[in-house]
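Below are two complexes that have subunit A in common, paired first with subunit B and then with subunit C.
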Partner chain A sequence: MKTAQAGTLESMDCIVTVTEAEKGRGISIVMEGASVARFGEAMVKATKDTLKSLGVRDIFVSIQDNGAGDLVLKARVEAAVRRLAGGKAA
Partner chain B sequence: MAINAAGRNIPDSIPGYGEVRHFKGHDRRPPEGNRFGKRNRTAFNTRTDKTLPDIKAAISASGLKSGMTISFHHHLRNGDFVVNAVLDACAEMGIKDLVIFPTALFGVHKHLTKHIKSGVIRQIMGSVNGPIGQLASEGGMSVPVVLRSHGGRPRAVTSGEVVIDVAFIAAPTADKYGNLSGAVGRSACGSLGYAHSDAEYAQCVVAITDNLIPYPAPCIHIPQFFVDFVVSVDSIGDPAGIVSGTTRVTRDPMRLLIARNAAKLIEATPYFRDGISFQTGAGGISLAVAAYVRDAMREKGIKGSFGLGGITEFFVDMMKEGLFERLLDVQSFDLAAVKSIGENPNHVEISADWYANPWNAGCAVNMLDTVVLGATEVDRDFNVNVNTEADGALLHGIGGHQDTAAGAQLTIITTPLLRGRIPCAVDSVYTVSTPGEVVDAVVTEFGVAINPRRQDLINAAKEAGDVPLVTMDELIETAEKFTGPMSPVETEDRIIGVVEYRDGTVIDVVRQLKKK
Partner chain C sequence: MRLRRTKLYLPGNNPNMLLRGHLFNPDGVILDLEDAVAVSEKDAARILVRDVLRRGDFGSCEVTVRINAMDTEFWRTDIETVVPCGIDGIRIPKVENPKDIALMDEALSQIESKAKIRVGKTLIFCLLETALGIWRAYDIAKASRRVAAICPGGEDLRADLKTTRSPNSEELIGPRRMVVLAAHAAGVDALDTVFADITDDAGLRRESEWVKQLGYQGKSVIHPNQIPIIHDVFTPTAKEIEQAKKIVEAAAEAAARGLGAVQVDGKMVDKPVVKRAEFTLQRAGLKAGGEK
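So, the complex of A and B:
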């Protein structure tokens, strides 16, 4: 199973770990951190929007959050996905 | 149901709490009744030794039975062994259904979880810092936790609203006839201020010490004539958890900026003059404010009158330097404060009643010029939340927040605008701990918002020219720009916590969190 990671646990950052999933399994997201209780919906939306824009349909995403805003979260998701794909851009 | 003066919709009666007196404004409830106190008793010279062999013997002698109310103080903080030991003994003796009335519980009291689950403890009236608060928030207690401030608690005791059947007082030093001191002994904690009303009003008082010395003890904080029994144990606490070594001023540049903004505001007001009195907490930002104010006092040659509250080395040093005449100490936070209270007659122990009770002939907070306090959240009406976290869990007590805010001429809340993604300035706080009517300014790294009720302060700040003024609306908008909109906390209807204002009215309630 291939995985890739992006981010840190500095305040207002997060670590995003992505794991490849079989075709048709869809997107599953697991989140941890103090913001999840009040920003969980926003975090799910930011993650799904980013995956959609990258054309990813099947993936497992784990977010260890330490207060990242949507912009940071989106950037970490994108970086992790590109690393998983093996691109050098990340 | 009624909407109270803090804008909260509160039922008229709460299961496990009873009838609600609604909060109508910070000075609206007139005092009632008399001070009364405990049954009279006598002790002739045929009994000159109050010691008993162990805690169980003291529990038996005290007459403690299932369903009664027992109290504790929290001067041993997270180092305390006494609360757990007493409840273990009660459990072994088959005593159940107790109401425990501590001034506060800490992480070390997670041990009580089993006694809550087994029914030894029915209710907690007191601050629940950490794990017990989490347990209550998730619905783990059958009766709501009742939170009172440092002044509200002695008000409830001295007025008879809460009758303590047995007070268990952890004493760093005791003699066999019940004179108690917090200043000496290997578990020394300094002031025993929170325990005084309990000693004076409980039907029975049991002192528990790990330093039993010949009569009479030195530096007596609680005198023999309040104390019924004395028990000597191996250890009442872990010194590392009782006092911190030194409390440090923050080095975080953002927090220093907040502190600098707060100090600029203080210097801009008429309270910054000879005779200024001052209270801050022991947190990083608070101490940094004290450091900036100290520097300004030195520079302008200003001498203060007294420092109040939880006392730290920082305040001890300011008194030594002549920047304060006196320290009034209800709780000694570090080793230097503990040492000072035992040695310096200008470092005075005060009880919580003296410190903050709104129902006496005048408590110390009324003489305060300036207090610097923290918050988990503030809102458009300047209401402050110190009790619940962003996820809605009840994890902190009120402390002296309500009391000092109501008493001081200038009440300043310092807080970062954001903690991670969590905004600290919001439209409406999740829990009102302290009403906005007694809060004068909110100081953040993005500027200082002064309560529009205090036009005098706004004018003074404008005249000084160096206070970065903003409005509360601007702070809230700035925070939301960073964070985006928040989802509401999901709760059940059931009330698990009742937040009393210092006058005994209910200012807010905390509801059980929805299971995820």
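So, the complex of A and C:
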């Protein structure tokens, strides 16, 4: 399975790791980090919104969070997905 | 006149600095896609910088992005990504050739036009980091109406000059003088390079006072702690402002009465003195006008 990663564990950042999934498997998201208990729902939504905008339907996403807000999380998800696709990230 | 006393570099792949850098109240921020970002992270940094720019929360800072040099594979994607966000300008590293600025002008116009941004909005700040760049400073500054400032390099320039850093940066005296002369001849700002030792406040103040005396409008900054020191140096004192007001008012009165020169506090005031007083008021934010 192909995997790609973006981000760091610096303050206000996160590491997003994405792994290819078979067609029809849908989106799976696992998260860890201090903010997950409070903002987990919003983080899932931000991740799913980004994946949708990129046309991704089947993928495994792992997020190690260190206080990244929506903006940073979305940017890291996009970078990881583009790296997985092997194309230019922007 | 746009105040450019301090321009704070923010590493392009560092969310903390990108999101909070403007809170230190520099006159401008430089979101850096070049040296602060490893080659393997250029793609991720570009996305992050784009999204931070789209959020657009930078207070009153002038927002510029340092793109990668024009001899790299990155610069076109850099400008295609950040210019549609409506930034104030781009900072181009290692400029040596006026033709590159003309090429950049054209590329920016195309992007602005496509993004429905006023063509010409995006200013250009040129970093002159080689002997050749310094030598061609005037032609580079005149290569496009977008050029707002030229800036001498620091470490890269020292390397190109085959020298090293000395305590008082004697090796950069000549280049700094050439850049300030070229900038004023071309009608653009001269902005100085960074002061690298972030623990030497006295050295920073000394260098800032010196470049101000040469005719520079400000400095690039690599640490927020440097901002208040540089602002202090580049901001006119209350006494200077008061004197400048007196001179400008007296000159206006003399002009209204059809007189060429006038006395202020027993001293003759002629055109250059009035011009200098106007510049002091511009620097204090009390008078409009000046360079772009």
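A few comments on the model shown:
Just so we're on the same page, the second predicted complex is superposed on the first by the 89 of 90 C-alpha atoms of A that agree within 3 Å, B and C clash if a C-alpha of one lies under 4 Å from a C-alpha of the other, contacts with A are read in each partner's own complex, and residues count from 1 in each chain.
The working rule: a contact is a pair of C-beta atoms (placed from the backbone, for glycine too) under 8 Å apart; a residue touches a chain by one contact, two chains touch by 3 or more.
Bear in mind the structure is a predicted one, so any value in this text is a computation, not a measurement.
Annotation for the three-chain superposition on subunit A: subunit B and subunit C fit side by side. The superposition of the two structures on chain A yields an angle of 80 degrees at the Cα centre of subunit A, opening toward subunit B and subunit C, reported in steps of 10. In the superposition on chain A, no contact is made by A:Val61 with either subunit B or subunit C. Once the two complexes are laid over each other on the shared chain, residue contacts for A:Arg76 go to subunit C alone; subunit B is not touched. Using the contact criterion defined above for the overlaid structures, shared-chain residue A:Ala37 touches subunit B, although it does not reach subunit C. When the shared chain is aligned, subunit B and subunit C each come close enough to touch A:Met12. For the pair subunit B and subunit C, the least inter-chain C-alpha distance in the overlaid model is 8 Å.
In the superposition on chain A, the residues of subunit A contacting both subunit B and subunit C are 11-12, 68-69. Chain contact summary for the complex, subunit C toward subunit A: residues 13-16, 19, 43-44, 46-48, 50-52, 55, 77, 81.
Subunit A contributes residues 6-8, 10-13, 68-69, 71-72, 74-76, 78-79, 82-83, 88-90 to its touches with subunit C in the complex. Only residues 389-392, 418-422, 482-487, 489 of subunit B touch subunit A when the two sit together in their complex. Against subunit B, in their complex, subunit A makes its touches with residues 11-12, 33-35, 37-42, 65-70.
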